[in-house]
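What follows is a set of structures to go through.
The same chain A turns up in both complexes below, where it pairs with chain B and then with chain C.
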Partner chain A sequence: MSLQIKNLVVYYQTLSGYVKALDDVTLSIRDGEIMGLAGESGCGKTTLGNSLIRLEPPMKYIKGDVELDGEKLPIWNSSQMNVFRFKKISIIPQYAMNALNPTIKIGKLISELLSSRKFNYKKIKPELERRLDLVELTHDVLSMYPIELSGGMKQRMVLVLSTLLDPSLLIADEITSALDVSTQKAVAEMLVEFRNRKIVKSMIVITHDISILYQIADSILVMYAGKLAEKASTDVMINTPRHPYTKLLISSLPKVGVRYAEKKLSGIPGNTPLLLDPPIGCRFRDRCPVAFDRCFKEPPFIEIEKDHYIACWKECI
Partner chain B sequence: MIKLENVSKIYRTGTFGGKLLPAVVDVSFDVRDGEVVSLIGESGSGKSTIGKMILCLITITSGKILFDGVDISTLRKGDLKNYYYNVQGIFQDPFSSYNPIFKADRIFSIIRQEFFPKIKDSQWNKKVDSSLKAVGLNPDQVLNKFPHQLSGGQLQRFLIARALLLDIKFLVADEIISMLDASTRVDVLNLLAELKSKGLSILFITHDLSLGYYISDRATILYRGCIVEMGDTKKIYFDPVHPYTKMLMASVPRLDKKWEKVEVELKAKQAEITEGCVYYERCKSPHKNKKCAFQRPELVEVSPDHFVSCYL
Partner chain C sequence: MKRYFGRKIVIYLSTFFLAVTVDWAIPRLMPGDPVMNLLSRVSVRAEAAEAMYGYYTKAFGLDIPVWKQYINFWIALFHGDLGTSVYLFPQKVVDVIIMAVPYSIALLVPAILLSFYAGNKFGAFAARTKILDNTLLPVGYLLTATPYMWLGILLAWSLGIVAGIFPTAGAYDFNMAPSFSWPFIFSLIKHWFLPFLSLFLVQFGGWAIGMRNMIIYELESDYSHYLESLGAPRSLIRKYAYRNALLPQITGLALQLGVIVAGSLVTEVVFSYPGLGSLILSAIQNKDYFLIQGCFLFIIIGVLIANFFIDIAYIIIDPRTRLGMAGE
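Now for the complex of A and B:
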């Protein structure tokens, strides 16, 4: 087991109280697993990714344990986490490609980053060049400014940068969403390639685009309103989902070959609940077509088949 | 309805506007009454530029855009206002279409000031209510709220309702669903399809091919400002001819099929526009020859309602 999270609870502190963005998350990721994390905006997927590496105000750690390769991560203490960041666990944050410092060349950016972690740029440079070859970037990019690169090139550059010290876990947050389909495919396949070459041991790929996950992920976790809804292997999740939310979500995606005139798809009626004061019991209850009395109690996230976890009373019986 | 004839747009870039950047090159297509045409292309292919030219937001460098036979670049004041009465646009980011200081329904009162200054209050409220209902919103729940109190899907539908107030005939929908969540996305798409069945023509600009297929009758594929393939949606999706379209179709992430091992040629840095085929540098076709490099292929009809610009 590469990563193990037990009962993790992270809230956002606001003037009107806690926003319960991440409630009681328990999950594990195997060595070599690419786990896709999907859900609507505001479901807590980015919060989960960020809390593993950079838990800072207004985020507030309430309880829970995180273990990476058998070592406990002090996620509640930002300065103690410094030992792990970049070396053991690394993240490609949302919009990372727009966060490259525009005033310095990329090579300098990397050397400054490495020296801040007490690594020697010269020693790492041959490896860096090898990685650039891997993502099909020329070595010239090191002497270029970020503005000279296209979106896909920047995204590949960030991928190389985040994985330079061979972290055990990489969190990739929406890295393909701003790219064109052809570039998207190339970047997504590079993620898999990095795993296959054991540069990173395991990955969490956060995206709202489930069809990308179907292409590259080994397993998919779907979240809803700060809670885990369902986790299963990719094929099971796409073809035979069990949670009512996942079923509706997957059936609402337009596929190539489906037309309005022939087959009308439908969305999920209703809105996600406000997490400042979430409803008691199952948070999907109000929008769920099969909700019944028992849903006023909170459903546990349990394993119903091997590697298939679900939080729904209807499916547990 | 709308007809583009050899439309080009060349931007001036560089410090003193000395460099020329052709964004749209010699594009001709039309959108018929009650038809949805999707305009598909990657970023920088000029699809939004075409949308903006149709909406008269930017000038046309050469060529003509005809609306019901009238050249829109000749429209002035009153006629232009009349044009906006018929043609409206909705853009990608619903949050930035609103002024966060004012309530969201201010977009309706602006329309009232501009186009219906003499209408009575009760009549106007009825009109707003009915157009909100037409987009599937409950007026009691959404009126009198600030933009941050509404969700992205609601704001986007608000903008469609605003367009409906004007009794429009043509809508430019520029990536209107890419910011929405999967569960609300389909609702907005279905709404467009419903409006289409009532006679509205839509230019649906998107980079998401599966969404384009779901709703449109015809599709136009753009690459670096040029049309490479256009025609009946079914033909383009299931029988693509141009190597670029083929590559696009192979790289769409699908839920029913895993990616095949197709070599995806990464986009090179924007190269000079040459006399030859725009796709020449990235083209992987084994039949590619010298002619491709020096002479740009014309759009040729390969089968009824299916045009391709390729020699192969």
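Now for the complex of A and C:
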């Protein structure tokens, strides 16, 4: 197992109380696995990704354990985490377009960053150039300022920089969201290529775009309102989802061959609950078409088939 | 780059032209007459006064139409002639100003540079240090809201009159003659210190507050967070944030320059410091058109040159302006 998270609880501290953005998350990722993490905006995807690498206020660690390659990650302590960051666990942030300091040349930034982490830039440079070739960037980018790069180029630059020290786990947060479809596909394939070349061992790909996950992910985890809803291999998730939320989510994707002029694309009625004061029991209850009495109690996230986890009373009877 | 500087030079030249025109016009719009002022100091018979009035008016070139005076002014200016002072007649305006300018520069340049440096460093240091943020920065707000001359009066009263540590008037002891000796230099520094301090403190507060706010913004920006995620040490993140936060501060310096110069003029008056400020005050009191014009001309030139250097400094430290130029 590459990554193991047990009962992780992370809240946001606000003046009106805790926002329960991540409640009791337990999951594991195998070596070499690309896990897609999907869900609506505000469901806790990014919070989960960030809490693994940069848990800063207003985020507040409540409890839970995170293990990476058998080593415990001190996610609640920023200075102890520094040892793991970049080397063992790395992130391509949601804001990759603005992630590079605008007033310094990219090569100089990388060199200063590496030497601050006690790495030799000169020794790493040949490998850096090979990686640039891999993502089809010219070596000239190293002597350019970030504003001279296009959005897609910056995204690829951040991909190369984040993975430069061959981390064991890479968190890719919404990296395709701001790109056009053809660039989306190219970036997604690069991620797979990085995994196949063993540059990164495993990955968490956070997105709200399930069709991208269908192309690259080995497994998909769906979150709803700060809770895990369902996790299974990609095929199972797309073809035979069991959780009512996942079913609705998948069915709201357009399908090839269906004329939506005749049959309106269905969505999910209602809105996500506010996480400042989430409803008791299953958080999807109010929007769920199959909810019944038992849903007032919180459903556990359990394995109903091999590698198929689900949190729904209806499915685990 | 060429086009950028071409455009800048046109802007600077037209600013110079306008500022000098205003500089020429303002004293002439004041009520009163410089020659009458001059004559009021000598007591002669009425007929003699009339003859003298006619003579001086002609000598100063004030008897011809205003538009001709204006043209003559520009012609003289290009010959480096700023005219003769009315109040210190018959000294040349240039000579009078050259005596005063070193004092003003000795006050202004160190006060501006040191307060900019120290204020920014301190502001960056105080940001995110809870104790300093809560204690010293409110003092910064107080300082920056203080008018220069008022702080000057406070300092002169407290450190000069009550404590008796520093002298409160002049540029050196009145019983000394200027010479290159240690006692004289010591006396110079002692007299220089209080006006310098009042300029320094007010600006220091402003820069510290500005930098504190700017650097917090930079430390919360995406690139700082990304560096944190990659485990970069605090010192590296702070270094980048400081450099980027300095850019708006430099723009601020260019904007503030005129205000600072104006403040220093009044501060000089408070401490009877023999710089341009004190000179301008006497010139205005005596309606000395030529001296007022000359003093302000120096200030205009000084501020424009300083602004030009700031423009260049900005190009050097911010690659974005440089790259923007290449794309013109």
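Going forward, the second predicted complex is superposed on the first by the 315 of 317 C-alpha atoms of A that agree within 3 Å, B and C clash if a C-alpha of one lies under 4 Å from a C-alpha of the other, contacts with A are read in each partner's own complex, and residues count from 1 in each chain.
As a working rule, a residue touches a chain if its C-beta (ideal position, glycine included) is under 8 Å from a C-beta of that chain, and two chains touch if they have at least 3 such contacts.
From a predicted model like this one, the values you see are computed outputs, not experimental measurements.
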Looking at the overlay, does A:152 come into contact with chain B only (first), chain C only (second), both, or neither?
first
Contacts for A:70 in the overlay, against chain B (first) and chain C (second): which applies, first, second, both or neither?
neither
In the overlay, answer first, second, both or neither for which of chain B and chain C A:289 touches.
neither
Partner chain in contact with A:57 - chain B first, chain C second, else both or neither
neither
Is A:116 in contact with chain B, with chain C, with both, or with neither (first, second, both, neither)?
second
Tell me the contact category for A:267 with respect to chain B and chain C: first, second, both or neither.
first
Would you check which partner chain A:126 touches, where first means chain B only, second means chain C only, and both and neither mean what they say?
neither
Could you figure out whether chain B or chain C reaches more residues of chain A?
B
Kindly classify A:250 by the partners it touches after superposition: chain B alone (first), chain C alone (second), both, or neither?
first
Residues of chain B that touch chain A when the two form their complex:
42-43, 151-152, 181-187, 189-190, 193, 207, 209-211, 213-215, 233, 237, 247-249, 251-256, 258-259, 264-267, 269
In the complex formed with chain C, which residues of chain A make contact?
53-54, 56, 78, 81-87, 90-91, 93, 95, 98-105, 112-113, 116-117, 145, 147-148, 158, 161-162
Residue positions on chain C within touch of chain A in the complex are 221-223, 225-233, 235-236, 240, 243-244, 247, 317-320, 323
Touching chain B in the complex, chain A uses residues 40-41, 136, 150-152, 180-186, 188-189, 208-212, 214-215, 238, 248-250, 252-261, 264-268, 271
